[in-house]
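Several structures are given next for inspection.
In the two complexes that follow, chain A is the common piece, with chain B as its partner first and chain C second.
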Partner chain A sequence: MLYSSIGYYALILGLGISLILVYFSIKNFQNSSTLNTKILSFTFLQFFLVVISFACLIISFVLSDFSNETVFNNSHTTKPLFYKIAGTWGNHEGSLLLWLLVLTLFILIFFLKTKNQPLKYKLLTLIFQQIIIIGFFLFLIQTSNPFNFIFPTPEEGMGLNPILQDPALAIHPPILYLGYVGSSIIFSSALAATYLNLVSKVWASHIKKWIIASWVFLTLGILLGSIWAYYELGWGGFWFWDPVENVSLMPWLALTTLLHCIIVLEKKQVLTSWVIILSISTFTLSMCGTFLVRSGILNSVHTFANDPERGLFILVFLFSLIFISLFIFFFFHKSSPNNSNSFFWLSKETSIIINNWFMMYFLSVVLIGTIYPIFLEVLSSQKISVGPPFYHKLIIPFLIPFLMAMAIGPKLKWIKSNIVDKFYLVLFFAISIVLSFLIVKKFSTNLLINTILVSSALYLFFITLRDFFIRKYSNISQNIAHFGFSLLILSILLNNLFSSEIITNLKVGETFTSSKTKIVFKSINQKQEKNYKSIIANFSIENINQKIEDLSPELRIYNQPNIVTSEADIKTTLLSDKFIVINIVQNQDYFNVRYQVKPFMLWIWISVIVISFGGLLSFFKKEHEK
Partner chain B sequence: MYGRKVKLRFLFVVIIFLTLVLTVFLVLKSLEENVVYFQSPSEINSSVELNKSKIRVGGMVKKNSISINSNEINFIITDFKNEINVSFTGAVPNLFEEEKGVVAEGFLKDRNVLSATKILAKHDENYMPPEVKAALEDK
Partner chain C sequence: MKNKLLLIFISLIFIIVFILFYEGLQNTNIYTPETKISNKIPSFKGDLFYSDETINSSNFFNSDKFYLLNVWSSWCVPCRKEHTFLMNFKESKKIEVVGINYKDKKINAENFLIELGNPYKKIIFDQEGIIAIEWGAYGVPETFLIKDKVIIKRYIGPLDEKTAKEIKSIIK
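And now, the complex of A and B:
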């Protein structure tokens, strides 16, 4: 009760401070050359208030204070403490409060860390950021107040959806949000720089750090979500082209493009308009993601209970932001008069532009696949869904030139370049083709396309590996990130090619036999845990070379809410994952069993970590140089 | 004679334009081939021609309709006006239960039988396909 009130009033005060901050910033912007110290104090105070508000929500969750509606809807007394805390951001209201927390934290860091930049630029960035913050304050207070009271106070809460009670999902939203919200700083700063005509090399090297940081968080956030989906949803895969996955991929694609462009801007003072457009679209896409997920428009497993009013609010907010940014872009952006921007065909600039084309193509494919069903439903009330074949067909063929360009591009020099190391480039290409043919030849279907795909991924793999060891091209972070990407594509391809799956229905004691595998359903036992009852099934699986493996997948029957979840049992080795998941079909003796052998699964996760590590290195490298 | 720069810029614009055209063409073609339509049992029942491509059928799993043997699961999807029999081989999701919402993806054998390749159920215990909700409210 008490904490809810404190939290609520902290939010109201925070909104008030936003208005004060905008007022002071505008005043300071107009007539002063020194920073008004009040601005810094107020920024800090605002952050502090949101922290209090967030802490109050956490405390309400920990104390199971069911007079708070959010707690009532998403918690339960028998829930373990860890998930009581994680439940704070496992729901709509709490997750928005987390957005706001990160927003205020980031603007504070921005203020403290940004030196050597004009005062006006800092103030203007603050103003734009405060506009976003005000939007979120209003959204929270108006449509999704996390501190609503319920009277009379219920005895017991509704519980947290059990599929969310998972360590990976507890840290997935905060990490993802750090990425999303980081893009808001890029957005505000790009607008401020455009307005003041500051888009320059200096600005580029300053904002680059924010881009890299957001990119690393976004990458890791997506990774965590993907790992979670792999073992918790039991669909036996890591990416399903589900709309909610797509909305996190879209800002990632835009941000990755921006990451490459900003390097060009930093070095060459070209592509200024393009960088601004990308900065705007990255944040807009992040907002779009929030809108699509929260409005419940998307037909997806992630859309939980929803409210059209919220969707409308975000939509209006989103369009105002787009409108403001386009207005500033068209009226204040001056393309640089600097005419040194010509470059030759074979140069780093060209290769980065090629990267941009591909990324934009991938982005538009994902965008169309995600929103086309929504438009069609609105226009013709026909319900459709766009499945993985659509994305695969459109994206996979273009991966081939993309991977090749990724291998050769970084070797080129600025302005004008020759291809060096021609011998090695050809040699590695030949090796890749032969190797991949040997790998793929067992599969008669699509032999050609698979060979080319695997060989282009292998090609990038070899080239980046060689560059890493000879260190001829000093950009180690780029090298590592590209190497990670080749590893990712390679693992995904091999994973797809060599995965095998058995789905069958078995009773206890029965045995399934196929030419390669024998699955024995030995027994089941039951266990009572604090907030769920678990049924553990014991399987022993014998594969072709007579190796016997014991796997014990689990079914959890949660008490509140009364939901059954499957916990897959996964045996992970360096080379492959053995994955088994069971399900029970109502009141029947049969268990639905899904057994999969998934090669190189571990490497998919590792490669994404390698990619982010590349980004991380570049983040710290800059820090030391200066 | 135009300068090198002008020529380059012209070529650049042409390439961008061609890429755009190609992209739009590819995307539209692929959409046409890979879109899965969503239909309710009633829509299927009243349709003039059977949809030969993959479709999704949504509704509620009828009470006492699930039967299972070692390689197949059979059940009935209903929207309380019409029904469709579904035969399915594959993995079922957790929230697949009688009297709960379900979406089955697969091919129609005839007006009353769907051979499903995928079963989707929502991960929210209160979820119900909108059509089913509407049908329930009509009753």
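And now, the complex of A and C:
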């Protein structure tokens, strides 16, 4: 009760401080050339108030204070302490409060860390950032207040959605938010720089750190979500082109492109329009994602409640931001006079521009696949669902030139270049083709396209691998990231080519035999846990080489709320994952059994970590090494 | 001037997007996968196994007789067991057995039918497993009893003596 009140009033005060900050900043912007110290104190105070509010919500969850509506809806006394805390952001209201917390934290860090930049720029960034913060404060207080009271106080809560009770899910939102919200700083700063006509090399090297940091967090956040979906949802894969996944992929694609553009801008005063538009679109795409998953316009795990009012609020907010940025871009952006678009065809700039267009293509495919069904339904009330075949057909062919460009591009020099090391480039190309032909040959289907695909991925793999040993290409972080990417594509391709799946219905005691595997359904155990009952099925699986492995997938029947989840049992080895999951078949003694062998799963996760590690390295790279 | 036109054009696009999203919000819908029990047949489209003919839900079933739609695969061992029961229905005039060949290799499926006999009047070749999803099938084998384009009974797992008897009594 007490904590809810403190939390609520801290929020109101925080909103008030936003208004004060905007007022002071505008005044300071107009008159003075020195920073009004009050601004810094108020920024800190605002962050502090949101921390208090967030802490109050955590305490309410820990104490199971069911007079708080959010706690009542999402918690239960039998829930383990870890998930009581993680449950704070496992719901709509709490997660928005977390978002606000990161927003206020980042603007504080921005203020403390930004030196050598004009005062006006800092103030203007603060104003834009405060507009976003005010939007979120209003959204939280108006439509999604985490501190609503319920009277009379219920005895027991409704419980947290069991599929969210998982360690990966507990850290997935905070990490992802660090990435999303980081992009808000990029957004505000790009608008401020455009307004003041400051988009320059100096600005680029200053904002680059923010771009890299957001990019690393976003990458890791997506990875965590993907790992969770792999073992918890039991769909048996790592990426499903589900709208929820797509809305996190879109900002990632935009941000990755931005990362490459900012490098060019830092070296040469070009690509300014690209940088500004990408900075704007990264954040608006993040917001658009929030809109799509939170408004209930798409149905997903993230749709906590269907409330059109919330959707409308985000929609109006989102489009106001879009129009503000359009206005600023069109009226204040001046392309610099020395910005000649005539690059020499063989240079690093050209290769980055090629990269940009590929990324934009991938981005539009994902965007269309995600929102087209919504538009179609509005226009013709036709329901369609866009699935993996759409994305695969449109994306995979373009991966081939993309990978090739990725292998050769970084070798080129700025302005004008010749290809050096031609011998190695050709040699590796030949090796890749032969090797991939040998790998793919065993599988007769689509020999040609698969060979080309695998060889282009292998090519990038070899080239980047070799570059580790050459001192001339000393851009180690870029090399690590590209190497990780080749590893990722390679693992995904091999995973797709060599995966096998058996779906069948079995009773206890039955055996399923196919030419390669024998699945024996040995027995069933039941167990009573604190907040769920579990049914554990024991399988033994025998391969051709007589190796027997025991796998025990599980069904959990949660008491609060009453939901059945199925926990896959996965045996991970360096080369492949064995994945088994069971489901109840209604009113039958049969269990639906799905057994999959997925090669190189582990390498998919590892390669994403390698990619983000590359980004992390360049974040800590000292100035003089550049 | 050029810039202004572009600005107006882009703004227009965003306004249209806004309107579409706004309309989309009004008919908020929750999508839940339906389970098809005693229900109309789903709409589907597919290729036949022995010819290149494309069929769809409206022309695949006639309303004058019973249909037994069997989801099977050559790699599925329980399918072998139930095959004899399907063969028993082959000669019946009241019921027509049709199949969905699920995630299979064509050559294996053909050998399977040569070895055990072909009870199916028509087979839909469902290599990607998409048609089985339309039917909401849990796995292989699974069998649907259909009359007048309505699913009246569904059997998960292989058919056996008991279920075969039940089907016989229904179609009498």
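The criterion applied here is as follows: the second predicted complex is superposed on the first by the 612 of 626 C-alpha atoms of A that agree within 3 Å, B and C clash if a C-alpha of one lies under 4 Å from a C-alpha of the other, contacts with A are read in each partner's own complex, and residues count from 1 in each chain.
One rule holds for everything that comes next: a contact is a pair of C-beta atoms (placed from the backbone, for glycine too) under 8 Å apart; a residue touches a chain by one contact, two chains touch by 3 or more.
Because the structure is a prediction, the values reported are computed rather than measured.
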| item | value |
| --- | --- |
| Overlay on chain A: chain C relative to chain B, clash or fit | clash |
| Which of chain B and chain C A:515 touches, first, second, both or neither | second |
| Touched partner set for A:438, first chain B, second chain C, both or neither | neither |
| In the superposition, chain B vs chain C on chain A residues touched | B |
| Touched partner set for A:575, first chain B, second chain C, both or neither | neither |
| Partner chain(s) touched by A:427 [first = chain B, second = chain C, both, neither] | neither |
| Touching partner for A:365 - first (chain B), second (chain C), both, neither | first |
| Chain B versus chain C as contact partner of A:566, first or second or both or neither | first |
| Contacts of A:12 with chain B and chain C, given as first, second, both or neither | neither |
| Partner chain in contact with A:382 - chain B first, chain C second, else both or neither | first |
| Steric overlap of chain C with chain B in the superposed model, located at which of 2-10, 20-28, 38-46 or 92-100 | 38-46 |
| Chain C-contacting residues of chain A that also contact chain B | 389, 503-505, 512, 583, 585-586, 588, 590, 592, 594 |
| Of chain C, residues touching chain A in the complex | 3-4, 6-7, 10-11, 14, 18, 20-32, 35, 75-78, 103, 128, 138-142, 156-157 |
| In the complex, chain B residues that touch chain A | 5, 8, 19, 23, 26-27, 30-31, 33-39, 56, 66-73, 89-98, 120, 122-126 |
| Chain B-touching residues of chain A, taken from the complex the two chains share | 161, 163, 233-236, 301-305, 342, 357, 361, 364-365, 368-369, 372, 382-387, 389-390, 393-394, 503-506, 510, 512, 561-566, 581, 583, 585-586, 588, 590, 592, 594 |
| Interface residues, chain A side, partner chain C - complex | 291, 295-297, 299, 306, 308, 311-312, 315, 319, 322-323, 326, 330, 374-375, 377-379, 389, 501-505, 507, 512-515, 583, 585-586, 588, 590, 592-594 |
